[in-house]
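Reading through the structure tokens given below for one structure.
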């Protein structure tokens, strides 16, 4: 079973050199740690920065420089700053190559729920609905099953939706899967030490198992 | 009868200190010459400049600094530069206090025609349609009658329209008039040496003549 | 006729009961701290506050919430404020949650004289309830409306006496659009310089959008998540 | 993988027959001179050119018109070009005239993923023909659509190797929006500097929008109306 760092590490392998990537809060933020400098990947932060660098040292901390998770950050070489309207114009216009975000549930037709749990504290969707409705390519980092053993890869989402028919790929502690355009989770890779049967048991939605399923490789 | 410089001079008196003004091509451009520096009026040029200064000296000429009439210009103190989209956002959003432009025809309900003459060379509307549809307050500088003696203040425009029900005030070689919200040209001032009868004869649209009509005063 | 005000209290003195106010900032970054403090002193209530976030309990809009001055919040994310949660559950506070990009674009549209536009964010979700849905090139979009307010409070880094503004870092965020969408826009700046000092090519908000400007009384700039690089930092 | 191209010919080498191209500039100010010259050498035709103006007879888009490379112009003002007029009257050329603010906003919308928006420009005129008219708050508006193109040619003052751009003076005009609305955006710059040289706070066009960048072969910057202050200048 992959831990959250390994999920992030596996997702990093999906990133193309030279691409522009938006990383959501949580596991997606960790992905940055596994992108080699030499790939020239540019990270976008939807609060108005293209070219997000690592967290600052104590001396570098600048309250006027934060990411979408409200953490202090730095700028990478060649960064640019802009307004929230310009930032979402960039996102909505399809200029960001890849969006990586977390999810509470994903359905077999690519719907995603990741912003609200009825009865729990109201927080708001932030930029999540804009990101899922606009991104060219989305990868979700999520837990395959909840702590009480319920599958989060469902036939239909039970939680309030963030977006519909928008998720293409999912990386969980158990597997890498694609959501097929015609519906269904196609199993691509399994975590070391696990079987197709494990993934089957953990997936409530339609699971498609091709002949050749690889083992997840981490460098 | 006012000449074009006097029309410009009379229009300048309509400008409020501290206001933001867009000047069209032709007579409106001349208005700038009659705005005292002390009024702190800021001129907008819709190609992306707020704070247009006078024409440059020979040494100041910069091909990267032109006005909407494609003339070389300078920037005044406190000027700012922006894109055409931002410029028309400023115009459309009603942030410019006053727009002064020329017209071929104005109708008694405030329609304006100033961009196209059927059968003549095609030029295009440029920013005129945006300006007339969006400006908070518009003053038109125009000839009351054409060279062949036809009135240009009409019941209805005969030329292709630039905008409808948008003109509030007109300054011609003969008179200053308001277009009333309920329709009709209300005579406010007459050029020195002219009579109400002259204006009547020169106005095809409905002319409303109040009891006290002043003579146009130029300083 | 000068746009320059001597302090925050004078700049916001005419904010009235039940006014709508846009407040710049993302989290606690780039928020109009001085205006908020002055508004708390000023004391009017029943306000509608349009701001991406609602501050924290004792900073930002949290101060106005605690003083019960806010009737309604229009925001995209309000998760960092316990008092907010309490007032919301007790029915004292209304909240209108809007996707962040839609909120930013609605404010931009409001300032730009665009009454309405179509956006894909929220299609198929509860955000779409009651909204016009329309298809363009095979994709579904929602109709969203331009947003303006009686006042806009913005925070800038540098400003000049004609109201031109330059923001710094990610403290820019919602401030530039809000500056265009307030009937009266009030800018607090860290540094106020004479007109002509700022390079016209580097100005983010042209002065036409700013009706009042003053030197911020305070620039506390509280940090929400002070995150420091550790030795173990990979990559 | 570098965005930097050695010259204009290489940068525009894949522009194809019948492509749609946005070209920045207002009049002759801020036009992509080098790209236009290269496109004339390249020789493809049946192009749709989206540009506020159509150049003059021997400069700007006028060069492409003379070479009969343009099938259609989408512009707001084309009055300064006799060859344009001739081709239009003879039916060799189509023209779509769009109010300048609508053109600017349609391009901005195209780049920003807004499929359509409402604007008041053109209501009651021939521009409104065939368009949806809708009332918001008692005022009438037209529905207008976002605009994109296969290529966008933009001219900037300074650019860096990651494609970040800074424009100069009123040479900015349509360039920033067009940079966002081209499937492939090609920037010619007067000065090309290493990434990290430009202040992130002063960048007008973030590099994500620019796929190719090169140092302009020429910066002739012809002036349409050289207007000089005379002694008799009043005020």
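A, B, C and D are the chain letters, set down in written order, and residue numbers restart from 1 in every chain.
Basically, a contact is a pair of C-beta atoms (placed from the backbone, for glycine too) under 8 Å apart; a residue touches a chain by one contact, two chains touch by 3 or more.
Keep in mind that what you see is a predicted model, and the values were worked out from it rather than measured.
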| item | value |
| --- | --- |
| Third chains touching both chain C and chain A | D |
| Selected interface, B-C versus B-D, where C-beta contact pairs are more numerous | B-D |
| Whole-Å gap separating chain B and chain D, where each centre is the average of the chain's CA atoms | 28 |
| Rounded Å distance between chain B and chain C, as computed from the means of their C-alpha atoms | 36 |
| Separation of chain A from chain B, taking each centre as the mean of its C-alpha atoms, in whole Å | 55 |
| Rounded Å distance between chain C and chain D, as computed from the means of their C-alpha atoms | 33 |
| Multi-partner residues of chain C (each touching 2 or more other chains) | 105, 108, 112-114, 119-120, 168-169, 201 |
| Shared-contact residues (touching 2 or more other chains) in chain B | 49, 81-82, 88-89, 91-92, 134 |
| Chains grouped in pairs wherever the two touch, ordered by label | A-C, A-D, B-C, B-D, C-D |
| Footprint of chain B on chain C - complex, ascending | 1, 108, 110-114, 160-162, 164, 180, 195-196, 200-201, 203, 206-209 |
| Touch list for chain B against partner chain D, complex | 32-37, 45-49, 54-58, 61-73, 81-85, 87-89, 91-92, 111, 121-130, 133-134, 160-165 |
| Complex contact set, residues of chain D against chain B | 26-30, 52, 75-80, 85, 88, 95, 97, 99-102, 104-105, 107-108, 119-127, 157, 167-177, 204, 221-230, 233-235 |
| For the chain A and chain D complex, residues of the former touching the latter | 17-18, 20, 40, 42, 44, 49-51, 75, 77-82, 88-96, 134 |
| Touching residues on chain D, where the partner in the complex is chain C | 105, 109, 112-120, 134, 136-137, 139, 141, 145, 166-169, 201-202 |
